[in-house]
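Scroll down for the structure; my scribbles are underneath it.
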Amino acid sequence: MRPSGRAPDEMRALSFETKFTIHAEGSVLVSFGNTKVLCTASVEEKVPPFLRGKGEGWVTGEYSMLPRATHTRGSREAAKGKQSGRTQEIQRLIGRSLRSVVDMKKLGERQIVLDCDVIQADGGTRTASISGAWVALRLAIDGLMAKGLITEDPMPRRVAAVSCGICDGVPVLDLDYIEDSSADADANFVLIEGGHIAEVQATAEGATYDEEGLLRLLRLARIGCDRIFAAQAEAVAK
Amino acid sequence: MRPSGRAPDEMRALSFETKFTIHAEGSVLVSFGNTKVLCTASVEEKVPPFLRGKGEGWVTGEYSMLPRATHTRGSREAAKGKQSGRTQEIQRLIGRSLRSVVDMKKLGERQIVLDCDVIQADGGTRTASISGAWVALRLAIDGLMAKGLITEDPMPRRVAAVSCGICDGVPVLDLDYIEDSSADADANFVLIEGGHIAEVQATAEGATYDEEGLLRLLRLARIGCDRIFAAQAEAVAK
Amino acid sequence: MRPSGRAPDEMRALSFETKFTIHAEGSVLVSFGNTKVLCTASVEEKVPPFLRGKGEGWVTGEYSMLPRATHTRGSREAAKGKQSGRTQEIQRLIGRSLRSVVDMKKLGERQIVLDCDVIQADGGTRTASISGAWVALRLAIDGLMAKGLITEDPMPRRVAAVSCGICDGVPVLDLDYIEDSSADADANFVLIEGGHIAEVQATAEGATYDEEGLLRLLRLARIGCDRIFAAQAEAVAK
Amino acid sequence: MRPSGRAPDEMRALSFETKFTIHAEGSVLVSFGNTKVLCTASVEEKVPPFLRGKGEGWVTGEYSMLPRATHTRGSREAAKGKQSGRTQEIQRLIGRSLRSVVDMKKLGERQIVLDCDVIQADGGTRTASISGAWVALRLAIDGLMAKGLITEDPMPRRVAAVSCGICDGVPVLDLDYIEDSSADADANFVLIEGGHIAEVQATAEGATYDEEGLLRLLRLARIGCDRIFAAQAEAVAK
Amino acid sequence: MRPSGRAPDEMRALSFETKFTIHAEGSVLVSFGNTKVLCTASVEEKVPPFLRGKGEGWVTGEYSMLPRATHTRGSREAAKGKQSGRTQEIQRLIGRSLRSVVDMKKLGERQIVLDCDVIQADGGTRTASISGAWVALRLAIDGLMAKGLITEDPMPRRVAAVSCGICDGVPVLDLDYIEDSSADADANFVLIEGGHIAEVQATAEGATYDEEGLLRLLRLARIGCDRIFAAQAEAVAK
Amino acid sequence: MRPSGRAPDEMRALSFETKFTIHAEGSVLVSFGNTKVLCTASVEEKVPPFLRGKGEGWVTGEYSMLPRATHTRGSREAAKGKQSGRTQEIQRLIGRSLRSVVDMKKLGERQIVLDCDVIQADGGTRTASISGAWVALRLAIDGLMAKGLITEDPMPRRVAAVSCGICDGVPVLDLDYIEDSSADADANFVLIEGGHIAEVQATAEGATYDEEGLLRLLRLARIGCDRIFAAQAEAVAK
């Protein structure tokens, strides 16, 4: 039995509250149970130096946790003067994941920044960020297409992410904080609509797992991502 | 006529949504119109080095704006590696304002950190932060008292803040971003329930004002803070 | 009775020693009693990026305290690798205060940096800095006019600043360190020759004050600034 | 045909030159073809604050590339004043990988730091670092056991890592720089002697891959790690 | 002929204005012509961690130039967030030079910090700093001895420094800025009363010099330091 | 008797292993006994801003020690976020020393960066760095000349450096770590082939020395540098 009473392949309540803030070109508050992340997409009519003049766009991500998103207050990275390795690792993952479904030539020479700010944390903040960032990015791209700035859709497919893990020997889907803290192994999957894998990050600091374990987690991730893809589609259709 | 159609002494819609997040000892989303700030109070059973062993507590504030809280995206202070002068000035003001109504001996040797994170900005973020921080602090202190950790209320009075300014020669209350950008003079008042002044920061970069102008702004601030005091009282009574 | 034996509305000995250093376009050592600040004005034939090509100038301030300007040695901000919130707050105030009396179009597309370095501190270093910076700026502008680089005076009025406070219930002018440490309330006024207010920063961390208290401090500030205006006039006339 | 003429499941020349430097408790220069990393293990009789007094040890990793380890000179992180996200991600991976095979209670309350400094880079620097760090750690632990400071071996199994990728549709083992730059997908596997997986990091920024692709890469990784395990055993036996 | 009209072995006007500031245990404004440095000695009843409990003291130096000490304004190191290599090199030199004449056991377990802040620069700021720091240190030690905190003089000898150089083929003493900018070779000598050498830093970026050239500069340095020793003695005798 | 059994004027085993790494335009592992430094020269077809468009080149140096190059592990400067004063002082010295033998006009508008990374330390790392950097620079310049990018040799002479010191009253050449730790005085000499002095840095923190002592150290340095010049010549001739 999971601490939350969920079945092994059951996700937490999932919601995408679009237009949560008014200024960004795309904005959504994504909730995976008690994990809540505000994802915004900001369109900038410029690209990083290494892309200037190439006619291609760029998509990048930034991530942060509010100091009291967690059980005990964490110190503010801006006050400490640097971002932790964990923060940098997560924001690199967010950027790569979204870029895996964007055709940069069709996006044109502009950058879209995806800011993922964790308002409340209960496990799975990086996967909620990726899943929410897709919605914010979709809304921003829809806006560019509605204005005629982009003529062909640069992002025909969805991307979503979910965490899975092995808890007390049982593979389970969408870990909350309690499960995450005690899991034997923990994996984040970033999947693309249609079945392909964009990224796997499977770590086993306490225990380790074999090939069969990895595959069982991947199958759970497919179940989870299918649910997320459906919720994403519904959110942007509104 | 003000851009928003408000009367000169009319505030924007005001709301305090308490328990907006679940982990903090006090949590509220304060809205002054489209300005929305998440204020949390975190109780820590330790004090800064200069107070250790003195039997007194401390209250401090931190402030940040999410990168896309504003019309155009601002860069993330954690990524730049330092907090701007503006951020530091505001968080110092938040701390001083709240300390003006707290009896540190009655609080006991513990620290309460007030995190004010601007989710969406439309002028007056520092005054909304102070007004919201009082609610978060009140909830945290109520919790300490309910647990018997504090026996006598260290914060018997409320503190609130509001911005006023002179726009096209007319003194107006609670400036939104449009008014703030074009005001001749701009003042932030931090007032204490009962009529005393905790802090005045009146700046006139473009124009300047005389004694009479300052007094008219102070009178508007009293009107605004009285409305805020009432809304604060209602919020914590729930 | 004040610790220094001064009357409540009596300022400390005031002096402006111009041309204290030889390289700067304007240079003055300002003394308010034992508080001594070296203020220099440096003319740079360039403006910050946000003003380029607009035909307007800029005036900005920087502030620092020598490590042993005070009773006990403070650590050097350059060694710590960042400026404190207090330093940033003060240098922002210096810049705003001086800009309130400068017509940026008449100054032309150039920047004047006002460096205020506290050689010795005994209370009121920020107000002495503003009062001294005006003298340095005046000398620098006079130099530009003498060279024909500016044809119309961009700074026809003086600006000065002084601190006031309530000590043992009595409003007093120009606080020294002993008074500053024990004041119930403390306010810095930046006034413009002719009677207008450029900035008020009134703080009451320990106690608080009412409208009448604020007005009494403002009246003291007028007395003090009138004395400073006269001394500034004399200093630049030499 | 691979650019190097290797078969798809063929690794580059592999060597572990132990005692490459004299001061460290464990020291090895590991080469995977032209990729050369100096790995040292430093034993410190103290642990990080979160472990003090718990009777457990810690193993951590640090990683850096010499500025001219690569085709074009990279700027020095110490001169820039911060480590890149890539560096932090890699050193976190090194630490987790080694900790997956160490029993911290048997290590006792001490820390071993694994420094991995890339002398020359030609793809696969992070996997070479992990494979070499195991050798340095083994030598350091052997030293502690020889001195009687540890009585029971805290690291009975080996850990090794290798990169695999899909190049022109073909899964290949141990990518060099040319392959790495043009691979459709790229995965790093950290495997434990005996067949278990410690970590998988599979990324597909350009293309993506399916479950079958992931499994084929995992099988190549097993081939590679078996070769590395044998070479590690031989190196420490000397 | 030197630009200043001085003879090759002639120093600039030299003065030590003691008690220039009131708070420091030792304070002097040293002038070598137009080079003016404020040197203060601050006594701290603690030592750096590596000396705790050893019964020995420490002497260290810090150095900074005010932004407009020079012909064109330099940016403030505190604002840039780091000290330049030049600054660090100079402050290390100041510390070593003064430590060469202090018996740390006799000083007792306390630290004296020598702050050297350049008010105005015209060449030779590091050598003026060392020469002035000795005076400030002497005054601070005299104060400790007068209070009975030290019983035996820990600094029986003087130390002084001067710069020499080869300009247009002629060895000259005490270079001002014009000479310094165009010198073929430039050397700073730190000498101890009685004839010994504490430090030589001789650099020849443009040209180079031979053994004879080095000796001729050393002889000039002796002439200069003898003059400085006499002035130091007179300054502290007042 | 020296701890190593060497005669006072005897250097340690000296070797220059060229082409130690493959990517750099010049690469050498220099050994002075157990001190081993990897020196690489990187040619960049650009110059620092202050030289742009002047038709002149630039040569600069960077220096670092691997964390476990020494007896006890030092913390990594990139992790601490800043380079120590010692590091900056040494890299400034390396740059000046090499520039003393290069004709910048003949080098043309390009920069050569000399990276000196200490793999293993046993005293004299800065002097080994300079001596090795000359070899790396020579190889890089030879490459530019072979490609016809430079027509006239910009570096006709060699530069080398060695440390000398007074140990137990005896002047000795090429100090190892044990001697360096206990020397009464310590001097680094940078000499140019043919007999001229590029730089002397003679420090006497513990004791001091007289003119005769300085000359005796200089004579030892000449003996040492002659040996280094010969070894450099042989290394580049291969």
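Miscellaneous remarks
When the chains are written out, they are named A, B, C, D, E and F in that same order, and each has its own residue count from 1.
Just so we're on the same page, contacts are C-beta pairs under 8 Å (C-beta built on N, C-alpha and C of every residue); 3 or more make two chains touch, one makes a residue touch a chain.
Everything quoted here is computed from the prediction, not taken from an experiment.
Taking the CA centroid of chain C as reference, the farthest chain centroid is that of D.
Greatest centre-to-centre distance from chain B is found for F, with centres as Cα means.
A rotation of 120 degrees, rounded to a multiple of 5, brings the CA atoms of chain D into register with those of chain E.
Rounded to whole angstrom units, the spacing between the C-alpha centres of chain C and chain F is 51.
Taking each chain's centre as the average of its CA atoms, chain C and chain E sit 33 Å apart.
Taken residue by residue, chain D touches two or more other chains at 81-82, whereas all remaining positions touch fewer. Passing around the ring starting with chain A, then chain B, and so on, the chain order reads A, B, C, E, F, D. On the side of chain A, the complex with chain B involves touching residues 21-24, 27, 34, 36, 38, 40, 42, 44, 62, 64, 66-73, 76-79, 81-83, 87, 113, 115, 117, 119-121.
Put simply, chain D touches chain A in their complex at residues 82, 84-86, 88-89, 91-92, 96, 99-100, 187, 192, 195-205, 208-211, 213-215, 218.
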